[in-house]
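Every chain is named by a letter (A, B, C and D) in the order it is written, and numbering of its residues begins at 1.
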């Protein structure tokens, strides 16, 4: 047990100790490797860093990244002076905004949650959540794709419509699952638990993210008995860690393993990267320090250095060998890879571009769905009871969900929609989001003339409109900002 | 006969009586079922609610929804104190705006009526009339579809051009009928009667809405002898009510029955829903009262709970059995359903998406027309004298009408165009709208080189432009409002 | 000879005399028929109306419209008091703006002329010149069509490039002629003479408009000996007038007769119509006087009531019989009519939509050109030395001209481009416009690798881009102005 | 040796001497021929013009354009009074802005450099660099083309990705070369040397422009031993000059000769032309001096009068005869010309539209690439080791580069991207640009699933999206600025 007195003596570059969750760590040797830069650590040298550490690191980040001899042991609690937490002016303003947020009754759609979150989230959280890669073309294409048109059928008795389904063998009250998004505590103190609790009450399935702010076990503990959960997996360079993690998940009852395959490296997300410069004194060092590469990479890359870029088809049999959970590859975008996945014996794929956060200008999952279903139909029964095809990205409306299902999707993932729901209203926001989707599903199934999900057929989507890119084209904002429009000849004095 | 004194003693949740049109009703048991919420009723508990009730309920709403033992009888008129009506500040401002509206001579097109109505209508009326479903893509697609291009023929003697026609056997001076829109008194004290009177004078056919503010008989009484009228029908869960209504209409001379088939449930129209929160104290209950579902549904759903979602093709023979009026299915959008309608022996269909108010992202009637006519041509003579194909939605110009007719429509329905005409200028506005359409029809038929409606041929519309969606793509406003454009690197001080 | 004293006694509705160009007319019986309304005439009752009359009427309008017994004779000049012309405040401001206009050296392109004209023209002139029909879709489509893409050829010796050509047998220094636009004095006191003089100096051919502000003979008198001129013809209901006019033109040496066939009636141009209400006291009569139909028709229709809507293919032989000039039909838009024209034995057609002023949503001439040339190629030699195909509408750049020529046009007409040039800078403006086009033609022919107009081939235009409507889609401004975008849930206080 | 006293006596139109780089020239006879007009020369008559001359003329402009008898010899340095350079107010403001520019660490992409340059460059430099021809459609099409979509492959081991390549036999650390842009000193005192030095350090190949501000030898001298360099060539009307220049380049080790073939005349760039009028007193001469043609041509044309428009395929053998360097034709846009180039025996082509600065509305290089590769594949092996196909124009992101490579490009040229990098941050900016591209290439190759450039295959680009012009359509800014949108009927008073 170390006293705070002792710890406070290690407060420099030469010897830097910090406290996280009551444990003391020697991070001197790690300062230069810290993806977020050494400066931010040195702020807490010799002090308790828990509050700054927690929301932006996955629970075991420090333990996993620091060799055990640097784990110095527990702080002596008797030596800890209770720090009076100072609430910053920015935080006070934020709390005032939260008090003024629209009552939950006035939230009519998933966009509304995002509008509220945009205003009440701390800047760094909004930057991290909302950012996408490069010119952010794909994140907007994802949305535009759903503007494709639908015909509807009439005069069917639609008194009773049923949108419940089964996802990977698990019952779900919605044809929608909660897709994984990282670092939930940036937006709400309860983080991912908001999703777990609401999902339990309403019979919806949550996919637990590897990069959750809450630990895996906290999340599972918050679930009801038999509440189905999936797990999203970033594969670690150290496969023993991955194996331990996967097998622990299976033991705790997780019902599906979604291996992310579109992120050998996490994307450059410039909104997130820009945040790093705000408020820092980094501005002082113009044109120096070209070597400080890791400084400008934002939250996303700071937390993801463990991800293994060597992951390949050759690893699939190994995954099959360590778990009996259904294995789903998350991030497929071509018919070729869909067929490889089928042949590799996994249980499904997610047509996803990672919410527009990875390869920019990649096509929307919805657009890829048509080609991929066409190929899969030539390779076996369709729909294939042993091979699910999920879609995510850009979904905001039940009509979006129904279009994907009509074109062949087994179910649809929504990430940011639920994330913004809990950021703005906690667990109640997520419940409201479920209710909105339910209301919209009932309405739209009636209007489409589909009484259950089986009655959704490809003819219900005008695929030609989808392929003609009927939705609005995303603007190229950076180019447009620098392009200076031509001007006409000007009169001599301005006062016309 | 009940005295106002007695009635005023029933002014609480526990016993709530109200007066409507001189009759007393006990609505205590109905408070929780009221689609508009109990709060609005309790405002009038023990008092006369007529003025608030009238414009937003169809004439028999209270009678139809309340069991007869709750009909307590007449108010004793001798006990009624004449209330001095207080005109609100908002209403005074509105009246001042009305006084400043452009003279009718300056109205050049149907858009102008809408521009005037937008400014002088009470907010709730504008919200109800102008709203469409979800992201309001379809209401704008409807308009964009008419931007498709036309070639014209030259050097035909177009001294005399004739745009009169016959609709379901009735003569019409325009190839256009007045399509049904609900709740006309929200916008003008005379409500639908404005349309009836103007239509009578100018030889145009009005379709009476089920959800008119004026009663069916008031409207028929306002018509000239032999003035043809159609009836739009929402089918009631209680078919005896429907039967009585239809047979009464036929007896009073109605010439066509348009059964709405695209609205098993009325759409979520968020502009309308948002209005419910303005000025209410609903704002106080953030995050509570999740169960108060019916609170947030706007006018549209409040008035439509009687509509039967079980309506199906099986009901058509029954309709055939109760009336000899031509039966038209309003709201068809696919070739498959068009053929089913033909086979079901009805007299026609309306290619409609309910003015963009039902299934969002559904295609425009104009776009569907091409495919549907192509199929119908394979199923009998074309044009088929026993099967009419109407189109509505987005029509603002005579050139729009002519495009639809050229592609095969029998006639075209205009709803909002005439609605806004009477909202802004009463009956004279509707007359002006007819005149504008007549002027535009004369002009455009001359320019197209068509001397009568038979000379309008499909070659006069560039269908390839229609299918290439040449018209401007509707913006996704909610998404665009939350999407935050990328920004470039910024200079240190703003004063550049 | 009538004294001004006598004339001034006829200054009422009951007896209304006016003076125009020194002649006295009794217009009492004409008051109600005046397309511009009686009010404007009554302003000048008993007085000299010449100044108001001149710029907006073709020279013979009053003579042609008034029976000869109403021509009362000459004013006695000795009785005329010289009126001191009062310059209005608006006119003074306009003159001040003219003084500040950019020096002609700074005019870089044809757009610049329009930008200058827009500011310095009187409001009515700008409204009349710039207006197009209905929603003004076509006027913008005309421009967008030229945004289609071009490939260019390289490594040809382009030291000498030659863009001179022959149009209907007449030499022209540009592959461009000046297309007819009406009422030139609205924009410049010398009206169409600006064009005639500049055209003479630079070897360009002017098409004289029927509705010129200057008389036909004034224009011809201003031309150089042997300067070729064409004539644009609106056909009069009274064919003897037309015959006299055409034969007079031929006698005076006109080299081509362009009969307008796309205007059996002149289009509704709402910008022009709106102008009628500004500054008038018409605003007072809201909702009255529905019969005053002719009041709201703007300049365009006021001056065009003589045009014969019965003009048809049957008239062509008659035209052939009264003149030996080449006959060109101006306003063709379909392959069918192009073939009819060829078969009717005329010498050519102009693919035109009247500058977007007639049938709105008609396609651009450039787009029609492809289909029409394809058909004509099957009907004889191509290019056909006896049948010219011209294109006009939307041309602003030499590259536009070259695209049309590459696709098969014989030459290209430019109307507004030259009109705005003289409105802003008189004759020097037109000369500058020729020079700009010459510079651009030289540049672009070199860049395309075409040394003369024969080397322009269809492969030099990416017709697929043209048909995919690569250019920007025109916005539907009136609809967009009334459409109210959806809004997100709002925070309680605005001060976010 | 001439004294400044003597020189100052020749300070008029009649005898005009100037000093440039210590040499005296008699430019009296050249005054009228000076592409920039005589006025600007007369400002420096009898004085030292070096400072004004240097940044906007290529090093030998005066020597090449003035016959040797006008080269009067050296200034006697003993007579030169050191002039105290006055820094203008505008320049002071500019320096203040430079001090506030974002630190280099905050530059995240190539757009950022342009954003900084736009603010800190002198107006004339920004106008010259950023301008494109006519309506600047092509410069924006170039960018829009890269918005086409990409599918990516998954589950390949992308631990190691390698984007190095060989360009015309020279090793390059990027699949990108620095394309030639003229007059670098307008933007930075070290001009093109910034590129040379950074390229040397990072193993990138620079193409030296004919119109560099630094002399050819200065640039070569700044290179490392064996640093590969290419040369861009504008062919002089006087081929002996060209021959001398090319052979000198080869002797100094240049490894590739890029002959510009899309610029027989330099384009009209109106932004650049407009600059000429700002601050000049040219404004005074409205409507006079029509003959002063050369006055309004901007920097671009001022410096390019030597370029030979007669250059043709016949010249290629001559080039082959005077050098052994690989010869590349820069500016090809059609399959026909690509085949001619192959047959002419050159070593490659650049699909380029000169950065949108020459023929406006020409297609993007990327779009042309598909057709051209398709044809070349039928004419020999593919990829052809003896025939390279380069692409330039609009490239801002590594993903753009990868799309071009996937479709068959050998490498990609970036001009403005690097130009703006050194304008804003000098040599360090260029280094940063290389680093950004490297980071993006690593990221995107991993995300595409391509471990080296050979694994980039055409299937990785959705060419149908490219041909459907999925990217945003450039607005027609001049037309849109003059087009006045229709307005609705207006209320009498504005205070609504």
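Here are a few things to note about the model shown:
Everything that follows uses one rule, which is that a contact is a pair of C-beta atoms (placed from the backbone, for glycine too) under 8 Å apart; a residue touches a chain by one contact, two chains touch by 3 or more.
What you see is a predicted model, and the numbers here were worked out from it, not measured in a lab.
Listed here as common contacts of chain A and chain B: C, D. Interface note: chain B and chain C, two copies of one sequence, contact each other through mostly non-matching residue numbers (shared numbers fall below half of all numbers used).
In the Cα superposition of chain C onto chain D, the rotation angle, rounded to steps of 5, is 90 degrees.
Pairs A-C and A-D differ in how many C-beta pairs touch across them, and the larger number is found at A-D. One finds 42 Å separating the Cα centroids of chain A and chain D.
Averaged C-alpha coordinates put the centre of chain A at 60 Å from the centre of chain C. Chain contacts: chain D has residues 101-102, 106, 108, 111, 115, 135, 270, 274, 283, 468, 473, 475, 478, 481-482, 488-489, 492 touching two or more partner chains.
On chain D, the positions that touch chain B within their shared complex are 97, 100-102, 106-108, 111-112, 115-116, 119, 488-493, 496.
Contact residues of chain D toward chain A in the complex are 101-106, 108-109, 111, 114-115, 118, 130, 135-136, 139-140, 143-144, 146-159, 270-271, 274, 283, 396-397, 399, 425, 428, 431-432, 435, 439-440, 442-444, 446-448, 459, 462, 464-465, 468, 470-473, 475, 477-478, 481-482. Residues of chain B that touch chain A in their complex: 134-135, 137, 141, 261-265, 267-268, 270, 273-274, 277, 282-287, 289-290, 292, 295-296, 308-316, 329, 331-334, 336-337, 340, 358-363, 368, 467-469, 473-476, 478-479, 481-489, 492.
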